[in-house]
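Taking it in order: structure first as structure tokens, then the write-up.
Order of writing sets the chain letters: A, B, C and D. Residues in each chain are counted from 1.
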Amino acid sequence: MVKSTITFGPQHPVFPEPIQFILKVVDEKVVLAEPQIGYVHRGIEKAFELNDPKDNIFLAERICGICPAPHTTAYVRGVESLMGIEAPPRAKYIRTIMNELNRIHSHILWAGLLGDAIGFESYFMQTWNYREKVLDAIEKISGHRVTYAMNAIGGVRRDMTNEQLRGLEKTMDYVESSLENIEDVMKDYTIKKRTQGIGILTEEEARRDGAVGPTARASGISQDLRTSGYDAYGDLKFEPVVVNNCDSYGRFAVRWQELKQSIDLIRQCIVKMPSGEILTKSNNPMNGEAISRVEAPRGELFYYIKGNGSKKLERVKVRTPTFANIIPTVTMLSKGCQVADVSVIVLSMDPCISCTER
Amino acid sequence: MPGMLKIIFGNLFKKRATRLYPFEKRAPFENARGSMDFAHMENCIFCNLCAKNCPPKAITVDRANKRNALDPLRCIQCGVCAEACPKKVIEMRGQYNEPCYAKRTHVAAQVVKCAQTPPEQK
Amino acid sequence: MGIVEKSRLKSPWILHYDCSSCNGCDIEILACLTPYYDIERFGILSKGNPKHSDVLLVTGGVNHRNKTVLKNLYDQMPAPKVVIAIGACGSTGGIFHNCYNILGGADKIVPVDVYVPGCPPRPEAIIDGVVKALDKLKHLQNGTWKEPETGPIVVETAVGAKPAPAAKYANAAPAPTLNSQPTNKEA
Amino acid sequence: MQNEIQVNSATLIGETLKMLEAKMRFATATCLDIGDHFEIIYHFDNGNEMKHLRLSFKDGEEVPSIRALYACARFIESEIVDLFGVKISGVSAGLLLGSDSPVAPMRKSAPAKSEVN
């Protein structure tokens, strides 16, 4: 038995981001995986303390370019609770719509990347084609494809017109019908062969390792922060998607069903959209400690914010979903998978390294 | 498999998905944030609010020489300066800044001139 | 121009390295490969191997850990090579300018030929950037490259007079104001 | 904060064990630099409510690690050691920072980078 070491990354064609896995391999079997991070560490938590709290919204947005909406939502909700104010109902609905649009584009992006990692190029092309429509809808509302800059402390910066709402409804119809077109991929023999039984994470392990988001929900843990009813989620009807597959296929299935759920949530928001103000202005001092949690596309996003009454914040701690999901991934990898499956397993938890290292 | 066949045959008869970018340029959406511009410089009072509110500190205001400078490579197109400006000097354009070979700042200056002479362009 | 030089311009291969960007720029680079923008029309291929690549796309500001990785990748690329810094962070450090672990833009470590502004730049801007880089490569191969100007672009507005309506910045796109802009009616 | 329990280095492991028995998920730990001493807040979640353990200690004091109870504390603790330069038994630095990076940059005494580059 010869044990050899393979370094996977930091620059690797499968991942757009740098992460390194040092794999101990016997023949083709991985027996031990050791992640190495730190290639994207910027020091954003310190910059939060140096900047003005209003500027921090844009900094929080750039912790992750794939999920800017949940990051800013979590940050402004934390600061709002320190100030003791609340956003007006219309602002809450707009936030919810942006969060759900974000989830749709993030999940479609992930599905495409998985197809790319498996070697299913046409699937990658199809999904990203549909994703452009979602990005166009986002650009019409917020003014930019990727960084929305919609949230402000006490509400949102831009209102949505009725025309935009109707356009959004049309986009949702288009996305739903196009996703139905490629739904058969889930039943495909090759996809099943590459994902079923690969990267197993049992419910017990998921609890022990603190998995969050779709990774946990694919292992049968019903854990979805949206059920706590922050923003407009309290008024909307939905059930967290939970499956018991415990493998990469399960995580695929969870995200696929969440896509449909998000489309449904946006439709509910459009119907129930209240009228009124979009911004509560306040100059209250930021004092005390607050914890703000938001369900990002990848799982629970955790912000701890401490203010000391002065104009700047004393401490902002960010725990992103991928940071919590790295240990479960190591557990999945160390169970004796093939080297060829490493990319599928790592992608199945939807890694976002720039989130992880901040 | 039948689903994929439907897509393949559909694609044969549908309009092409590709935007032929350099040949067919798509107009930016309404209110898109592509780049910022000191559009109405004649109204500027050099109050420094844009520079103070700019998150990446890309704007510098020189009150003595009546000049505003923007580092277009540092600008993140958030639009905060346009919101903060009391005289609505700054506008967000849908068009993005073009790629460049060297780092050059954009300077917008006020000069007192005879009203009839057209402004000089460099 | 020999056949190698010509083919290099007709089909440049791209290497993309994420220094410490927020993913926004990386995803926009990937979006260039998709049917909507499809940069493979121009023969541009994205490759994972530095030894096959002619163009290096750098996103994000350089930090203390990945500066050696970036230098390594640059050194491994074969000789006529161009580097494109994508986005505000890749060019100057952008919004992360006061983060302790950020050194600045990619030009602190490797020579950068083309800067693409934007946070993140749209895929159209990235295509423009690559085309500009190829233009430079062509001039370098022919020996006709002239160093660009580096001074500030000054636009003067006379107080009391009407401002000049047309293109304001010498190297910028024509500047339509928000009101006169054609709006997009596409679905 | 609500549901907060003050602990010290001696009682931390015992309290964490109670959390483990109550099937709480370890969300994360936050380190705070409060002038003369440090605090680490351990956040636990059971789906409905959060519970927090607040550990206060002096600079230079070695605090116990909860890695043996919660495996997911591994990266969280090494991040704290890296960024604050505190001592947690059995945890070494070098997760996020490179060899040239500033040492313990998140301390209040660490120089803030204010120049624009």
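To be clear about the criterion, a contact is a pair of C-beta atoms (placed from the backbone, for glycine too) under 8 Å apart; a residue touches a chain by one contact, two chains touch by 3 or more.
Everything numeric in this text was worked out from a predicted model, so none of it was measured.
Taking the mean of each chain's C-alpha atoms, the chain whose centre lies closest to the overall C-alpha mean is A.
Centre-to-centre separation between chain A and chain B, using Cα means, comes to 29 Å. Note on chain placement: the centre of chain A and the centre of chain D lie 25 Å apart, centres being C-alpha means.
Taking the mean of the C-alpha atoms as each chain's centre, chain B and chain D sit 43 Å apart.
Inter-chain centre distance (chain C to chain D, centres taken as mean C-alpha positions): 41 Å. For chain B, the set of residues touching two or more other chains reads 17, 29-31, 55-57, 76-77, 92. In chain D, the residues touching two or more other chains are 97-98, 101, 105, 110, 112, 114, 116.
The set of chain C residues that touch two or more partner chains comprises 35-36, 63, 65, 92-95, 97-102, 119, 122, 186. Every pair of chains that touch is listed here: A-B, A-C, A-D, B-C, C-D. The touching residues of chain C, counted against chain D in their complex, run 63-65, 92-93, 97-104. Interface of chain C with chain A (complex): residues 16-31, 34-36, 47-48, 50, 60-61, 63, 65-66, 69, 73, 94-96, 98-102, 119-120, 122, 186-187. Put simply, chain C touches chain B in their complex at residues 35-38, 41, 84, 88, 91-95, 97, 105, 113-119, 121-125, 127-129, 131-132, 136, 148-161, 163-164, 168-178, 181-184, 186.
Considering their complex, residues 97-102, 105, 110, 112-114, 116-117 of chain D touch chain C. Against chain B, in their complex, chain A makes its touches with residues 51, 54-55, 58-59, 62, 122, 126, 129, 136, 139-140, 143-144, 147, 149, 157-158, 181-185, 188.
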